[in-house]
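Data block below; observations after.
Every chain is named by a letter (A, B and C) in the order it is written, and numbering of its residues begins at 1.
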Amino acid sequence: MKNYLSINDIDSLSTWVKEAISLKKQPRKFKELGSDKTIGLLFFNNSLRTRLSTQKAAMNLGMEVIVMNFGSEGWALEYADGTIMDQGTSEHIKEAAQVISQYCDIIAIRAFAGLVDKEKDEAEEVLNGFKKYANVPIVNMESSVGHPLQALTDAITMEEQNFKNDPKVVLSWAPHPKALPHAVANSFVQMMQKQNADFVITHPVGYELDPNITKDSKIEHDQDKALENADFVYVKNWSSYSDYGQIKSQDKTWQMTLKKLGNAKFMHCLPVRRNVVVADEVLDSKQSLVIEQANNRTFAAQLVLKKILENLN
Amino acid sequence: MKNYLSINDIDSLSTWVKEAISLKKQPRKFKELGSDKTIGLLFFNNSLRTRLSTQKAAMNLGMEVIVMNFGSEGWALEYADGTIMDQGTSEHIKEAAQVISQYCDIIAIRAFAGLVDKEKDEAEEVLNGFKKYANVPIVNMESSVGHPLQALTDAITMEEQNFKNDPKVVLSWAPHPKALPHAVANSFVQMMQKQNADFVITHPVGYELDPNITKDSKIEHDQDKALENADFVYVKNWSSYSDYGQIKSQDKTWQMTLKKLGNAKFMHCLPVRRNVVVADEVLDSKQSLVIEQANNRTFAAQLVLKKILENLN
Amino acid sequence: MKNYLSINDIDSLSTWVKEAISLKKQPRKFKELGSDKTIGLLFFNNSLRTRLSTQKAAMNLGMEVIVMNFGSEGWALEYADGTIMDQGTSEHIKEAAQVISQYCDIIAIRAFAGLVDKEKDEAEEVLNGFKKYANVPIVNMESSVGHPLQALTDAITMEEQNFKNDPKVVLSWAPHPKALPHAVANSFVQMMQKQNADFVITHPVGYELDPNITKDSKIEHDQDKALENADFVYVKNWSSYSDYGQIKSQDKTWQMTLKKLGNAKFMHCLPVRRNVVVADEVLDSKQSLVIEQANNRTFAAQLVLKKILENLN
């Protein structure tokens, strides 16, 4: 594998999930693999789990880690071709990506959607800029349209539950005070489309995700109906896609509660706003998998880095 | 030892001090002890000595170090139970602490007093939140009410002077343009209460520290009288405790000078404002121990981490 | 070698360049040299190449690296002697430098010119403050008046071109929307003065660099004439030195183009503003050496650190 940019870079999800679970049992088994190799973690946005788990994953593989907050420690990059750069940007992605490729064997990037200009966000200028101009593998630590390390984590976490072959999995929208990107939901949907499962997406009308991503996945606007007999309920807020980046509802009745959850396992990528997105009673119950999801971030990242390193050596 | 939250976590101060002095002679002797172990240093406030010396201590023990500035690199945490999190906080300490525990074998935290709400500061919500919800040992890198790594450092530094058994030690308040927390003074007092010494606290009326901390330690409002025949003079500003967080005096006559110091050794935790807290002549004299105190920060931290690691393995 | 503060700390440029080229072939050859040694990289200004390449260089030598952004993670330092520190500065360089020397075996510092007060900038208070009070070697990662790691890099990059013995090298000013420091240009001039070359500086009238640095180097205000038959053209903006820190021209005709460049190799330290400082056609041509210059930053830094470490051991 060269890059890990989206769920589509996974050749066999079931094989990857098994391999990650095996890595989790012996996290330092491949600590020689990354010897004398450097990963650069470039943050254009804040991070807690991704920052710590990806650094931990790289260290488990014996890599050297350089962390850089591009916004506060570096400067604004230019992504457009042919620009007369006499305004706010100090360096073109062409130079930045080629240069960093000389210091790092792998570059991992976090750059969120701005949620103002749909076309610009979908162009994924930061991630695609690095992909285009870097000479080393690129890992997506959440971009405008996807968060494939999270979705791989989610697949690992579901597999660990040793469920029946075809569980019912529901992705349920939830209210939130801020406009949030679609990346986590998008990658979760794409991951579920690779699984044998009864998968349903539920959200208020007007919160349809990009139809090029949901494709023929089932959408049910009645949350109660969607949740019936669910085995896993993945809750996540996102802003409107059609009215791009807008908050069209903060309907509190969409908050996840124990009653709604039934016997299902609860999942969320974190950070989560308690008693807005989901009630305390859910997060504090044994049905919640959120802490184990966060744990598995390390092993999802470690599997991805391992595959890239094996391809480098 | 599980956590190092306050001076009270030291079972035998004299034994610890001896052990730290022994570590200082061979700082890399235990470089295998922390192998495959990770420490997370979480900063909710700025730092120079603590950041560098704790990182150095962990590296001396062979640990991997992750440094995170929570404010600028992460987001605001919620500490209250049951909150409807629709305001400024993005993640609850319950999740954050459990999650970080999965990436780090030890978590070290710096979170200063806000000096606005005494009750809130004394609740130590950041430190106690991590203590309550984390599954790994917690180290206090200065909290609202204590700075026990500094106080251990101070004990080491005094021991190195090979003084007579019962030295006279004075903690003397000094003026400062900003309102400062009580943490350093509190931990120094608590540490001195474990020593065989003639210990005196001196400050203007109105600057009494928390009586639950000073207990029956001697307080003398006449600085000259307090300083008579002192062997060690520890100078430090703090804001009012009774009029919580207020500056009640900037009386320049409380500044430490060579004349006042007499033959005593001068101590301060740094950073120090020259010619406000203490005259140049004192800091530039051979009586000043401040640089050696800073040096000993490494070995105080290293001893604490060593004890925690030994308990982990 | 003790410190690397300016080009003048290089005893034999040709020997250093050869040694750096040799290091580049086996970057991990000396990975034991820095074992149990720590370098502190202190940033008072932002950085991309310098931050990453110096960290990489240190890791190649097996050193442990501590990176600190002094502005955002620490506090303002006082540099003047005898100050009553009741204003914005919290710690004196005397303490800071001595203290950091106890945690780090080498200290590297980036502190740009402020471009407001020439005398203050030329006093190099940050770099010279650390030089004066630190007890360990100091490396200049770009100071007010010099960027000697860049100039060493440039010498390496020119040598790799296997040019005829005495190439014609032109340092050509270029327009820029912001007022920039003189450090890169200064160190390049000083480095060229140690080379066998036909060296010419060209810039609009009013952009003369410090005459104490240019000395008897040739200055030609007619850019076309200066560029005739050039082998290397180093392009760089700087603000006025005589009208200190002022922008006196943004004359677009000084932008470097392929036509002006002729058959010469193009050099720039990066970051570079495309189509302001230099046309896309130049940067995207095979005549551009900018990416290789950035690559060589690692080996320039590694050579400097290697020489310092050899002197320490």
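Here is the rule we go by: a contact is a pair of C-beta atoms (placed from the backbone, for glycine too) under 8 Å apart; a residue touches a chain by one contact, two chains touch by 3 or more.
In UniProt terms, the chains line up like this: A, B, C = N-succinylornithine carbamoyltransferase.
Keep in mind it's a predicted model, so treat the numbers as computed, not measured.
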**Message:** Validating interface symmetry: for the copies chain A and chain C, is the fraction of residue numbers used by both over half? Same or different.
**Reply:** different
**Message:** Please compute the angle of the rotation superposing chain B on chain C (C-alpha atoms), rounded to a multiple of 5 degrees.
**Reply:** 120
**Complete:** Cα centre of chain A to Cα centre of chain C, whole Å, reads 39
**Prompt:** So which bits of chain C are touching at least two other chains?
**Reply:** 72
**Request:** Would you tell me which residues of chain B are touching chain A in their complex?
**Result:** 36, 38, 40, 64, 66, 68, 72-75, 78, 81-87, 89-92, 94-96, 98-100, 102-104
**Asked** Which chain B residues qualify as touching chain C in the complex?
**Response** 28, 31, 43, 46-49, 51-53, 55-56, 59, 69, 72, 177, 270-276, 280, 283-284, 290-291, 294-295, 298
